[in-house]
């Protein structure tokens, strides 16, 4: 209770009664206005679809892109809300915030993402409106994933107001970065190793670095897990793990593209479970497993397969990717996270460096190498063109050039993450946002009305 | 322990050893007999399908309605069993009943619904049998949803026998009401704002009113949540939230209808999360959030989008619907639920008035307005006919008339809910059904064998 | 704490720091090598797919088998990892192992299954490689299900190393058994009543019999559930229950086959919930329900419908199957499980005899009878040929012969289960594998680092 006393002596205002509702209302009303001006249905979700079918000799409703992508969309949706949300319930006294704030910022973020990404990708030049359909809402979920990853690094140390601000900027940066990587550089990144994981991971780490709290040890009592909160987190882990094939294939090419992305991701994930658990056992003097590794490092294979999922990386290639990532990610939790905290002032609550940043980087590199070594003998002529979309102004691009552009895309993701993180971290450091005191981090009680018998931690209410 | 003593003094028989098995067996055997006489596969699930394909020049199996609807069906299925089930685990000592009774009555209800709805919608006049396929099982799930909503108002205060009786009558009433609304009045209601939510909501509230317990405060000790039971309830919330687009699109028209219903519902839901959380924060003196609002009010946008999901309500229209419902529903929890309990003798355990009844009513009104203001310029000629199914005897119906019929449909839902609720409430009030004593409500121990160390509440066993 | 003392006196080595990582690495590296030599994409997941389309006059990507099966695949995937995993979290202090070991062995098993099943079913004779696509990964999940069922009998009494060994052999045996049943005998078994449930069930029971622990009562303190662990297990139950229609239809014939399998399974499951709960209530002197029955016996209808799901068993037939299985399975938990433990030395932790073995057997018999009584008048000529795949060398097989072959298939499953179980049980009995002491069974602490405040059980660490 010494910490409680310490807290009482330094009252920091965590009252968000004005700021949170204000930001929610201003932004939601802005969304309505902007959607009113800019957003319309695309030709596949508009009631003119039947006429569109006639005009384009489409004979079956099943050719509506909706039917190719909806099952994957719902899986991605589950990953965003249940996967990320429950993965962040692992702390003993921060489960409400983990799943609740994730819910809030994702629900806000997808709206803003529809606008920002739509602006770059779905602008109808004839009338200046953004036309949305199934692919847009998948991409909005993807875009938000970047911010949720960043949230993982800050979990327990920021207020919901800060998270809303972070999401606004994060989504904006993401949309620009993604446009540069996919459209200007013309790199392929169906599962987002670069655009989502590398960007989101380093973005969050830099923010966490800017917001470094030297006295975070004051809330050490709340930094562990509880037996049941660890089981809750496994819900998140498993839904992420199971549906990652859908994540990496959701916006892949129809037909073999989606099919192959699923198989590759499935294999990489299976492989990383086995090696993550092996390293976890090896690192304990009696061979005991650590839940942190099982909850996180098992997923690294899916991250690293994000760019190359569509490519002809071959089943054994996918297994190798998963093999390496399971090891690397577990070592990250064992060695790098403590190192980053101690020597680099990066407090990474969920270890996103090991689950997203590093495997994302690796995924980008794997994508570049796989692209550079692609060949017509393996892909077939049409297959090569389809897979890398070598059409129009890119019709003459060689695979070597493509590999170089993939690498360039990775650099863009990194630059946006580092620069953007510094900028957003700076904004979040302003003493406006109602973030908790060092001794009250990782505590739901700061932002939630808790069930009566649960209010066992110390808070200002009780200081008087 | 004063309450325990009180309970011991008024022994009420909660032994359901005869009544529950009896009702289960009688009804399940009746189902088998009725299915034996009446229910057969429809042409798409019968093994004559290949011949049917040849006869109708269908060239691909993918045109089997199964492939258009199965992904959505499974999502709806998850909503019914995990969504509703886990949403009702929030009470500290009633999680077994919440998820378990939900399981029982849904599993029974879908069988009865297949018969009742099939009788109205899928009767084959040539041989007097009901022909079932994928659409029937989706509709059966929908039908049961109405009863599960009503369960929410009665949660903790009724026995499983009462719930079975309520389900039998509820499903029957639903099927008649739905037939009148959809077929006779020819109103559109793809996501069931009227047929499911308005009906189920007011049906449950009236039952709860009839079963009013003036001494319910005697089990006050059990009416709150536990930290982990609130996290369990978030599983229900999130699966309902994520899969609501499937709910509203599951039986929508192939092609743009399903596509648009998904987008509209996705947007309305996103918007209601933001405003529900804003109001929740605003209502607490330090801006703290309330889990009850996050678990429930965030879903109101999906309910209110049930009727209009298929319509060209436009993306911003969906955002506005969610915006209003998030606010309205949260205010409901803050103001109306206590008011209803205190002044109108309606004890609404889960607050279904705020989550289903009121947003459902609003959804019906929105549907009527949107239909009345539809135009060929927005929908296109074919689009208007398709969306409102202006064919056969309805070929000459104007959109204004359609709007009026939508409003008429809403009235029918209300009348059935109020009348049916009074009738069923009256039946459930008979002293036959083994419902718990006022001091033993919200207690799993009455109907479940609990793990040993958990039997900490008072029950008759211990009275002697 | 007497047991703790007892444990301390008999130190058995449960240190798996060498054995678990070693087995993981050796096997994962073997997988990579074998996949490198043998496994390639099939024509639908290879980038030559577009050329394949042209050659075979396929006009739409939607004809890629991927789109017929992917939604069901993901449901099956959820059943394997969340369904089985969470169903096994019911013990008060073994939730980490239940969900974690399930994760490990399933992730390893699916890789080995792709090889073994591919060897029998997907070998390309032109180049000696295994060509994999969506159907292979569904079958790999199915194959692993057999081992996970067997895990259920051994839950709490074996080490993860033993589970890996069991999975290696189990998958191998499964692949051979399945090949004999499906290809040589040409029995139909879309949902695996015989190949998966009968095999997996008896395989696990025999292993459990070989590994019989006479002093298991020493860990009696850990054999019960906890209030919240029972709610966790309901997550597993519900996801298994909801997605069982996908399980039974995932590899059924396109079109009516998949459609009918879903409807039949849906009905059987609904029916078994009602009767399982009826018997559960009937068996308690005050009519109270038992969570064990609700968690398990409600699923029996899906198991028993595995073989006949595709057949024209008629909706009422499905209800009858579920009706009987719900009763039978609940009686199993009430009567047979204690009997098996007391008189036959089979300690069946999860009661897989009642949930898988017995209903699986019944399912095989139902399949044989339904096949033998099939007729052209019910199925239609083409329907009969399609459903039973009476083509090529089987073109002249009569339905009576098919029924006999179904029965023969069931015998093969049994023989493999009993023989294989004895063999694998013998291997697992070797004192090499780091299994726990009798007094430390059902205890996560043996193999997991637990959150600090949770280490309340006794373990060797504390013996000194």
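For reference, chains read A, B and C in written order, and residue numbers begin at 1 within each chain.
We adopt the following convention: a contact is a pair of C-beta atoms (placed from the backbone, for glycine too) under 8 Å apart; a residue touches a chain by one contact, two chains touch by 3 or more.
Note that the structure is a prediction, hence the values are computed from the model and not measured.
When the CA atoms of chain A are superposed on chain C, the rotation angle comes to 120 degrees, reported as a multiple of 5.
Homomeric contact chain B/chain C is classed as different-residue, with under half of its interface positions used by both copies. Distance between chain centres (mean CA atoms), chain B to chain C: 33 Å. Annotation for chain C: residues touching 2 or more other chains are 60, 62, 67, 71, 228, 235.
By the touch criterion given at the top, residues 14-21, 24-25, 27-29, 31-33, 35-36, 39-41, 44-51, 53, 60-62, 64, 66-67, 70-71, 74, 77-78, 81-82, 85-86, 89, 95-96, 99-100, 103-104, 107-108, 110-111, 114, 132-134, 137, 160, 228-229, 232, 235, 434, 447-454, 461 of chain A touch chain B in their complex. Looking at the complex, you find that chain B touches chain A at residues 60, 62-63, 67-68, 71-72, 75, 92, 224-228, 230-231, 234-235, 238-239, 241-243, 245-246, 254-256, 258-260, 262-263, 266-267, 269-271, 273-275, 277-279, 281-282, 284-291, 294, 298, 312, 314-316, 319-320, 323, 378-380, 382-384, 386-387.
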